[in-house]
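Note that chain A is present in both complexes that follow, paired respectively with chain B and with chain C.
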Partner chain A sequence: MTEEKKPEERKRRKTATEAASRVGPMVKAALAENLRAKEEGRPIAYSFIYSGYDEIIRAMDIVPAWTENYAGVCGVKRDAQRFLEKAESENFSRSLCTYALCGLGFDSWREETGEMPPNPPWGGQARPTVMLGSGQIICDPRYKWYQAAQHYMPDVPVYVAGLPYPPYEDDYDYRDVQGYYVKYIVEELRGLVAFLERHTNRKMDWDRLSEVIDISDRTWNMISEAYDLRKAVPCPMGTGDAMNTMVPMTFMMGTQEAYDFFKDLYDELQLKIANREGVIPDEKYRLLWGGGLPSWFALTDFNYFNSKGAVFPAEVTYRLVEPVYNLDLPRVSDPLEHLAWRWVKYWAYRHDKARKRPGSNPDVERLIEYIEDYKIDGVVMHEAFSCRSWHPGLIWQLNQLKRIYRDIPSLILESDIVDISSYNEADTRARIDAFIDTLEAVKSR
Partner chain B sequence: MPEEAGSRGLAAADRYYEDYGSRVRELKKQGKQIIGYLCALTPVEIIAAAGLVPFRIKGDVNEPITKADTEMETIVCPLVRSWFDMSLKGKYEFLDGIVIPHACDSISTTYNVWKNTLNLPYSHLINMPHSTDGPSLKFYKALLNTFRTSLSKFTGKEISDQSLNQAISLYNQNRAKVRELYELRKASPPLISGAEVAKLLIASVSMPVEEATLLIDSVIKEVKQRGGVLAAKPARIMVVGAEVDDVTFIDLIEDSGAWVVADDLCPGAREFFDDADVTADPIEGIAERYLRKIKCGRTFREKKGDYDDYLEERFGHIGRFIKDFKVDGVVLYIYKYCDPYGFDVPAMKSYIESVGAPVLYLEDEYSMSTIGRLRTRIQAFLEVLGSK
Partner chain C sequence: MVYVAGIDIGSAFSKAVIMAENEIIAYEVMPSGGNYKLTAEQVIEEALTKAGLSLKDIAYTVATGYGAASASFSSETASDISCLARGVYYLFPAARTAIDIGGQFTRVLKLNNRGRATAFLLSEKCAAGSGRFLQVIARVLQIDLEDIGELSLKSKNRVSFNTGCAVFAESEAVSRIAEGAAKEDILAGLHRTLAAKIQTMVARLGIEPDCAVVGGGAKDIGLVKSIEEGLGCRLLLPEEPRIVAALGAALVAWEKVSKGG
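Right after this comes the complex of A and B.
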C-alpha cells in the first residue's frame, strides 16, 4: 500500500466562541491519551457515542476510544479516502456508514502490517482491549461495525448492550411499557459491567459510578442551560461551534472536565449576551439545523452561511441531553437503574407534547419547539448518504412540519459525513445562495 | 376457496406471483381484514391468531421508483424504497394496517414515514432487540405481549393461547412443506427450478397460511408427477442475501446456464427452515424462533469459543446447504445500503470459501437498470466454475 498524497488540509475554521476553539486540542489530547494507555497496558474500549455506558467506562477507569470520533478526525483532516478505499478493497460496500468504513479500513490496515498506517491523523488509533457496541434503533453499525472489525482482530471481545427506547405509538403510552424497558436496560448494563470485569483487569467501584453519574447529570443540566442562552438576539453561538462543543458532550461525559467546559461556555455566552455580541454583527436570518450529521470536511459552510447574514442558534443534531430535572425521574438507589430511566425518559421527552397536536410526532414537535423558542426563519438539514440512523425520516419530518404547522423555507443539503468525494463545494454554495434568496423573499413579503 | 382446481399447482403459483395480492383482495371483499408487514421477522403467527390475514409487502424490480422519493430518502435500501413506492402507488390499497419489526435501519427508521403516509387504521412497530441473551429474550417476549394486546384492542377480541397455538401449528405445517419442497432441489438436475421455487414462496406469503400450504403441497405433487424434465446444466448455485422478493435475479442466473438449487434468503430457507416450538406460553416459542433461530445478519450473536467457531455459529447453516445440495458456487447478492448484510460480506465470503465453494459477491440496486452488468459478472463466474 502506498501512501497517497494527502488532499490539502483546510485552514482552521474560525469559531465564534472561545470555548469551541479549545476543542481541537482536547480531541488531540484524548487521542494521545489512548496511545499512552496502550503503551502502559491500560485497557482501551472501542466505544460509540450515545450508548448510555459512558459513566460505566469512566467509573471503571477504562480508556474509551470513540471510533466515530477518529473517523470524523480523518474527515476533518481530509485524510479519510485512503481508509475508505482500503475498506472497499476488503469488500465493504461504499454505501455503508463511512465512519465505520474509515475505521474498518484503518483497523484492517493496522492489523495487516502490524503497525499504524503511515502518517495517521493525530498519531492513529490504537488496538483496543474490548469493543462495546449497542443495540437500539439508532443504527445498525452499532452492532455490525465491531463484529466486522473482529474479522481483523478475532481475539478482541465484543459486547452489544441492548438499549432500546419506546417508540411513539397511537394505541399505547410509553408509560405502559417503560417498566420492562428499564428492567431490560439495567440487565444489559449489568452484563456490560460483568463483561468489562472479565476482560479488563478492572473492578467496578459502585460508589465511584454514582459520583460519575452525578457529574454527568449536572453536565446535562449545564449544557441545556448554556445552549438555551443561544435564544438571545443576536445569537452568541451557532451550530458550527456546536459541532465542536459536541466533543465534550459526547466523548467526555461523566468527567469534571466536561462539566467545567460547559460552565465556561455558559459564562462566556452570558458575557457575550451582556455585550450584545453575536456570531455575526448584522443578523438577518436565524436558521435551525433541523437534522443530519454534518460534513466534517466542510464545516466552513457554516461560516459561508454567516457571511450571508445567516446564523444557526439551534440544532437538533448532537443536542443529546435535556435538563435532568425536567425528566421526571424516579428516585432509585441503583446507579444503573438511574441510567436506564434517564435514557428512556430522555427519548420519551416529547411524547406527551406530540400527542396534543394531531399529526405530530416527537421529532416534528422538537422542530416546532425550536422554531418558536429560537425565533427561526428557516430550516436546513443534511442528508448524509452513508448513515441510515438520523437521516431517513427527515424529508417526512419537513413535509409534516409544513402540513401541520406552517410553511417555512427549508433546504436539504446532500453529501456525506466523511466521504469527500460526495461533496461539491460550488454546488453546495449555489444552493445556499438560492436558499438565502428564498429567505429574503419571504422576509420582505 | 374459489377456483378450486385452478388455484393449485405451478400455474397458480405463477399467477399469484404475477398478480401479487390478488388472493387477499378477494378476501378483503369477503370482509377479512388484511395486515401488511415487512420482512420475515414479523411474528405472523400473532397476526393470524388475531383473525387477521398477514400480507407480506413486496417490491417490483421492473417498476421504477417514482413516488417514494417525495417522502422517503434515497439512502434507504432500494428494496424498502420499492416496497414503499408500490404502497404509495395504491398497489396494496386493501390494507387495514401495517406491522413493522425493528429489523434493520432501513426498515425501522422509516417506520414514521410508513405509519403517517399510508395512514392506515392500524400500525405497530415491534422493537425487537439485536442480542439473543437471556434478558433480550425476556424483553422481546414483553414486546410480543404488548403487540398481542395492541392487536386485540384493534380487533376488539382477546387473542387466546389456543388460537396462538393453532396458528403456530399451521405455520409449522407450512414450513414443513417448504422443507419437503427443497428436497426436490437435491436431485441433479433438480426436479424444480430456482425460479419456480422463488415464485411459489413469494406467492405463498401473500395469502393465508393454510392456503399457502395447500398450494405448496400441490406444486410438490405436480413436480413429482412430471418427473425429471429439467435439462442438465453445468453448475449448481446457491444464492445468499437479504430479502429477494422478485424472481428477476434468479431468472438471470438460470438463463446464464446454471440452476439455483439452494438459498439463504427471505422468502426462502432462512424464513422457512425453523419452526416455532409449541410451548406452555405460546409467546415463548414464537420469541425463540424469531430472535434465536432465524439466522439474519440483523441479529447479533455473541462470540463463544474461538473465531472459527464464531463463523460456524453465524454461517454454518450456509456450509450445510452447500454440502447437502451439492452446491458448486455461491452468489452473495447484497443490496446497496443494506447494513446488516453489507458488513457481513468479508466474514461471510471467507467462511464460504473456507468450506470449498467459490463466491461471487454482487452489490445491486434492485432495479432492471443493473441487469446487464450483473449478467456479465454472472457469466464470467459460471465460466470459472465450469473450467474447474
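Right after this comes the complex of A and C.
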C-alpha cells in the first residue's frame, strides 16, 4: 500500500464573483450526497461530464458521481500523488490521463481495503452501482477508464454510450449526414435507459425527462447570456472564476439548482457592470484562455495574471453550451431525439462559419469569434501532458489562427491537470512575466 | 557618472554586468552552485571589484534569471525574456530573432526594432533542448565542457542518435563508446540532435533575420555550427554569450535611472 502523505495546506483562492465562491461548498455537498446515497442504498453512477446523458440520470433519480471532478478535487487539494502512485503500482503507465490514473488509484485502494483511503479529499468517492462511459472524440479514457475500473469492481456493470458527431471538413455540409448521427445517438441513449432500468431498479419517467431537458435547455441559454456579460470593460468575471462555475454547468445540468446558480451569476454580473466593477481595478490586458484544461492545483496562476493587470474575459475550456435558440433544433416529441439533435447541432455550431474562411476550422473560428467579441489582446493555452485527446491540436489551432487571422501574442503553459510533479511555479510565473512584457511591447508598437 | 548593474542568476551559471550609463565596464561569470543568495553576492562583488566600485556606487540594480529573487540587494527583478531581448538588441541592433541556450532551458525569441520581445518559446521542461544535455554528455565522455565544441568539429563520421532525451542519449552514448565510436563523432551526433530540437523551436516561432545565438550553449562552437547548418544561415555570436541576460538587466536598470525611475 502506498504510504499516506499529508497534502500541503493551501489558502483559499480569491474569486472575483460571489457566485464562484459558492462552488467549493457545492462540490463538497455533492460528494457528501454521494456518500449519503450509498448509505441509503440509492443507485450511484460513475459518469463523465458532457456525455449527453445528464438529463437521463437526473430523470431516473440516479446519483451521478463525476469521476473527473473527483480527480480534479484531489488535484486542487494537492492530494493526488498517492492515488497516481497507487495506480502506477498497479502497472498503469504514468503517461495515461491523470484523471483516470487518479480515479483508478483511488478505486483500487478503496476496493483493496474495503474502505475509503485515509483522509480522502472531501470524504472520498463512493462505490458505484453502474459506470457510464462515453465514446466520443478521441478521448480513450472515456471508454477505457471504467472498463479498467472493472478489474477492481467486476460486479459493477459498464455501459458505454457512443456519442459521435459529424467531423468538420470544408468540402461537405454536415446537414447531409446529421440525420444518421441523430438516429445512432438516439439508439445509444435508448440502450442506456434500458441498461439503467435493468441495473438500478429505476423506471424512466418520460414526462419527467422532458421536464429535466426543459430545465437544462433554459440553463444553456442562461449560461450563454451570463457569460456574454463578460464582454464588458472592465471585465466582471475571469477564467479563474469560470473554472469554478463550470461545476454547476457540467456536474449539475438538468437541475433547478444549476439554473438558479446561473441566474444569480447573471444578476451579479449585471450589477458589477453597472458599478463598473472589474476583476481588477486597472485592467491592462484582456486574454483568452484558448484551450487546455487547467492545472487544478495551480488555479492561483489566474490571480497571478490579475496581479500583472491581465484578465481573462473568455475561455473555450468548459464553455460547453451555446444558446439553444441559436442551434436551429427541429421540434421533436421524443426527448431522446431532442438530446441527440442538441448534441449534433452543438458540435456543428461553427461549421458554416469555418467553411467561409479558407484554412479555418470550428475551433479556430471560435478563437477568432472570442478575440473579436471580447476585445482580446493575447491568447494563453495549457498543454497538459497527460491528455492525448484535446491538447495535441492546440498548437495547430494557434498557428492557424496566426496564419489566417492575425499575429496575436500567445503563451503556451506546460504542465498537467492533476500531476503536480509536472509543475514548476517559479518557471510558470517567469513565463507569465515574459508574456506580459511581450503584450506590452506589442501594445505600444 | 551613473553606474548601474544587472545580475542574472541562472540554473548553471550566475553573471553580473556593471555599466557606466549604457557602456559595459565590467562583468563576471561564476557557477551558481547550491546557494543562489551567496552566489548573487559573490558575483556582483567580483564584477564590482573589476570595475573598481562598490555596491553603494550603483544607482540601480536589476536581477533576472532562475534565482533572481535571491539577489536581495537588487532594486527590482525583470523577466529573463525581456532582459535577453534588450541585451541582444544592444549587441546586435539588426537582430530580430535570438536563440538562448541556457543550462535549464532554451529560449527562442522575436525582437522588434526597439529591442523588445514580441514573441517567445521555451523548450520543454526536460533537459532535451538545453545546455544541461551537453553537461550530461561531457561527464559521460570525461571531457571538459569547454572542449566539446572544438573536439566535435574534428568529426569525420557523425554518429546518429535515436533520441533527443538527455537521459536516453546518455545511455545511447555509452553504447556508442562500447561500439568504439570516436568521441568527436559522438559529440557531433549529439550536437545535431540538440540542434534539431532548437531548429524545431525556431521553426515554430518563425525565423526573421538577423538571428543571434546567446547563452552558455553558444560557447560551444560545434553546436553553433550545427544550428547554422540546420537553419541554413549564419548566426550572430557575441564575444561573451553568457552575459547577455545580465547585460539586458543592466540596460533595464539604466532605462529606470535615465527616465528618473
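By definition in this document, the second predicted complex is superposed on the first by the 441 of 445 C-alpha atoms of A that agree within 3 Å, B and C clash if a C-alpha of one lies under 4 Å from a C-alpha of the other, contacts with A are read in each partner's own complex, and residues count from 1 in each chain.
The rule is short, and it goes like this: contacts are C-beta pairs under 8 Å (C-beta built on N, C-alpha and C of every residue); 3 or more make two chains touch, one makes a residue touch a chain.
Keep in mind the model is a prediction, meaning the values are calculated, not measured.
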{"item": "Winner by number of chain A residues touched, once chain B and chain C are compared", "value": "B"}
{"item": "First, second, both or neither for A:180, with chain B first and chain C second", "value": "first"}
{"item": "First (chain B), second (chain C), both or neither touched by A:433", "value": "second"}
{"item": "Which of chain B and chain C A:167 touches, first, second, both or neither", "value": "first"}
{"item": "Common interface residues of chain A - those touching chain B in one complex and chain C in the other", "value": "395, 399"}
{"item": "Residues of chain C defined as touching chain A within the complex", "value": "66, 78-82, 112, 114, 116-122, 124-125, 204"}
{"item": "Touching residues (chain side chain B, partner chain A) in the complex", "value": "70-73, 75-76, 102, 104-106, 108-113, 116-117, 122-125, 127, 129-131, 133, 135-136, 138-139, 142-143, 146, 149-150, 153-154, 297-298, 300, 302-303, 306-307, 310, 334, 336-340, 342-347, 349-350, 361, 363"}
{"item": "Interface residues, chain A side, partner chain C - complex", "value": "395, 399, 407, 409-410, 412, 414, 422, 424, 426-427, 430-431, 433-438, 440-442, 445"}
{"item": "Of all residues in chain A, those that touch chain B in their complex", "value": "90-93, 95-97, 100, 133, 135-137, 139-141, 143-145, 147-148, 150-151, 154-155, 157-160, 162, 164, 166-172, 176-177, 180-181, 183-184, 187-188, 191, 359, 361, 363, 383-389, 391-397, 399-400"}
